[in-house]
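The first chain written gets the first letter, and so on, giving A, B, C and D; residue counts start at 1 in each chain.
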Amino acid sequence: MEKRAIRTPFFVVNPKAYLYGEKALELARCADRLAEQYDLDVFFTGQLVDLPALKRETKHLIITAQHMDGLRPGAGMGHVLPEALVEAGVQATFLNHAEHAMPFAKLAQAMARADELGILTIVCADTVEEARALAMLHPDIMVCEPTSLIGTGKVSGGDYMAATNEAVKSVSPHTLVLQAAGISTGEDVIRAIRSGADGTGGTSGIVAKPDPCAALEEMLTALHQIKEEGK
Amino acid sequence: MEKRAIRTPFFVVNPKAYLYGEKALELARCADRLAEQYDLDVFFTGQLVDLPALKRETKHLIITAQHMDGLRPGAGMGHVLPEALVEAGVQATFLNHAEHAMPFAKLAQAMARADELGILTIVCADTVEEARALAMLHPDIMVCEPTSLIGTGKVSGGDYMAATNEAVKSVSPHTLVLQAAGISTGEDVIRAIRSGADGTGGTSGIVAKPDPCAALEEMLTALHQIKEEGK
Amino acid sequence: MEKRAIRTPFFVVNPKAYLYGEKALELARCADRLAEQYDLDVFFTGQLVDLPALKRETKHLIITAQHMDGLRPGAGMGHVLPEALVEAGVQATFLNHAEHAMPFAKLAQAMARADELGILTIVCADTVEEARALAMLHPDIMVCEPTSLIGTGKVSGGDYMAATNEAVKSVSPHTLVLQAAGISTGEDVIRAIRSGADGTGGTSGIVAKPDPCAALEEMLTALHQIKEEGK
Amino acid sequence: MEKRAIRTPFFVVNPKAYLYGEKALELARCADRLAEQYDLDVFFTGQLVDLPALKRETKHLIITAQHMDGLRPGAGMGHVLPEALVEAGVQATFLNHAEHAMPFAKLAQAMARADELGILTIVCADTVEEARALAMLHPDIMVCEPTSLIGTGKVSGGDYMAATNEAVKSVSPHTLVLQAAGISTGEDVIRAIRSGADGTGGTSGIVAKPDPCAALEEMLTALHQIKEEGK
């Protein structure tokens, strides 16, 4: 199956396990409205049980799993089956996040199954060396985020961003790069994209704000602005 | 929150990753009709993305996750959040299945969170020694199934069934015992319950049959019959 | 094979990965001299490659692995074979430490293999509930240590010590209890044993001191004193 | 530290957990004699507790761990510390064997630590895609072995050998390639090297033979012969 094409710069709203159910849906509706208003590609992740409702109640978001396994239909109690995601309308999945590290062979299998079924792969790397090696597996999107910064609100340094962008593109030119660590303002968004990233996104920079929808609006406004400038 | 009370003998339909989406829903509708007809408590597991539809489209089934993690709302990318299951209408979860083994401390945490939120726990053990130890954590249901028999279609021996039933009850009298390995006919169901089990269930004994609904009907008819005899 | 009998109160010197090679040997020689002088049972752990030298160059220590797997001779690349430990003179092993958590079934297997080969099992638990459940597997020694305190230098509260001691003994009267978190002075040793523990021990409370041998001497002197009082 | 240079074609004797203690030492003495006689570079793996004796009692073997972790001296109970291996005379380590799969980030860390300390890295891959990606981390040796063939006595097909050799060299020209699956005769050795591999080796093809030393002699004789032809 063909995968959905991604327009850059894109954004990923990743509420991890902070939001679920009605609260997740509420933020998704906000993201959906902003995605339409600014004509941006926005990924939105959620708990697996919430993904069907997120799909049903939004129109513009790319509904995204936070993890997927590489099994085929059959045994595999408690594992996340790629075919089930596809039938539920899920179009993308994170893989190998630092909080859900995968053995290398399992990661490679899950990526192969995603390619087979048309699921966009968003693969996480910590160091420049890791990003370069994982780029050999040609993920659709490579998330570059120093593990030590996750959840800290500190942004990656410009050197790290430049080095990982370059490392990924030199190995896999069609892989899009997402610079993620510590994005919590419109300015962070602009800095990440200006560093050469194809996309950016946030977790605590959004969900830990008093008004997550307003925080998201600030970031997507900035993303839209930098996109317009680039034309 | 209070947990749903379980009437014995009960049955668990566990399609693992064999069925998903519309096919899972189809078997669930069949199970729902049989649960009503025979007035039996029937658990039905599924892929997490399928659980909301299973909940919405059935009335009598106890919708059950195949795995759950013990985290609290917050970080924890890709982990299964208990609160999200509850809000989606999930009432029970398997834990520590041989195909999704959990570190002991993680299992204990997930059980504590389930108890806190009113989720029924269905915990898997392999040997008599394991069943006795895990019974100390007072699961609602203990699944006794020799790992070496999973998926083989061979039923556990009567000695194993008697020994695990006794081991669990001696430690945790209120824990219900599910004898599971290799159940694929009405006779297997009768033998498991007569061995002293509170419930039984199946995977490949159902989903690998040419007509899974008919296979399930044979098993639930047998369960109903033995229940009537017991009155 | 019969296991070595343990005299209480005992002590465990656990240098984790802080010490290795000659430095580990140096502390082991100090511990060996103190074990002889005070006629105490002292366990000493180390990197697996260091255990043969620790065995060869000491006379009184119980040489202890920090982890062991439950496999049998055969395949199992990179796993720690129980038979190999026995032939190397290792008499005990930690299992399920919070820094090396084991799936429950693997832990049960490793304990069964240790019992078969006469290796003393030192099994770690975090909460009272975990300690009670693991006690059903009858470890030789249960280490009770709140995971949140490991490496902090904070000692467990008296309530925790009393509750875990009681929980373990009520289920498995012959299992010895080791209270471990944050022991770094002779006073800590006395408090742990007075709480009802059969033994105690330390890591950073010893190896992070300017003079680890002196720190150990202070602790073993205290242990000896409380042992004498108990006569 | 500088790593030991490896002369090709080389051989790896990998007894996994089949042999330990005196039996492992016996085979190592045989391998040592053959390594000297044929002037070949021979790696020999073993249980960690056996490595010091293997080192002490042989002169020509490259003593090799079956797994190593990427930690630094400090906490990390039960993990294999690189510094401890070095001090014990270990010169190489397998990493990411299918029977001891590592999360990708942990593998990258362990490889970085090995490079820092002069330990040769022998990294395992299953598919061509995996081999190509892991080659980006520049292991000293890449083991190409279809996981499905491990322990079966079936050799990899010539296509697989050619494709993995090419994949590795195109990404990392200095990485040596070890073709491993199912080597159990001198002919298998010749076929693997003629396929373009830099080295080969065996487990069950050696240890499961009635006379492991004779089996090894047959293989090393073949390796020597093909080396002579290549001059």
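As a convention for this text, a contact is a pair of C-beta atoms (placed from the backbone, for glycine too) under 8 Å apart; a residue touches a chain by one contact, two chains touch by 3 or more.
Being a predicted model, the structure only gives us computed values, none of them experimental.
Between chain A and chain C, the least number of touch steps comes to 2. Looking at which positions face the partner, chain A and chain D present mostly the same ones, since more than half of the interface numbers are shared.
If you average the Cα atoms of chain B and of chain D, the two centres end up 44 Å apart.
The distance from the centre of chain C to the centre of chain D, each centre being the mean of the chain's C-alpha atoms, comes to 34 Å. Chain D has residues 98 in contact with two or more other chains.
Viewed as a network of touching protein chains, the structure reduces to one closed ring of chains, two contacts apiece. Screening every pair of chains for touch gives A-B, A-D, B-C, C-D. Touching chain B in their complex are the following residues of chain C: 96, 98, 101-108, 112, 126-127, 129-130, 132-137, 147, 171. Against chain B, in their complex, chain A makes its touches with residues 14, 16-22, 47-53, 66-67, 71, 73-81, 83-85, 87-88, 90, 94, 97-100, 150-151, 203-204.
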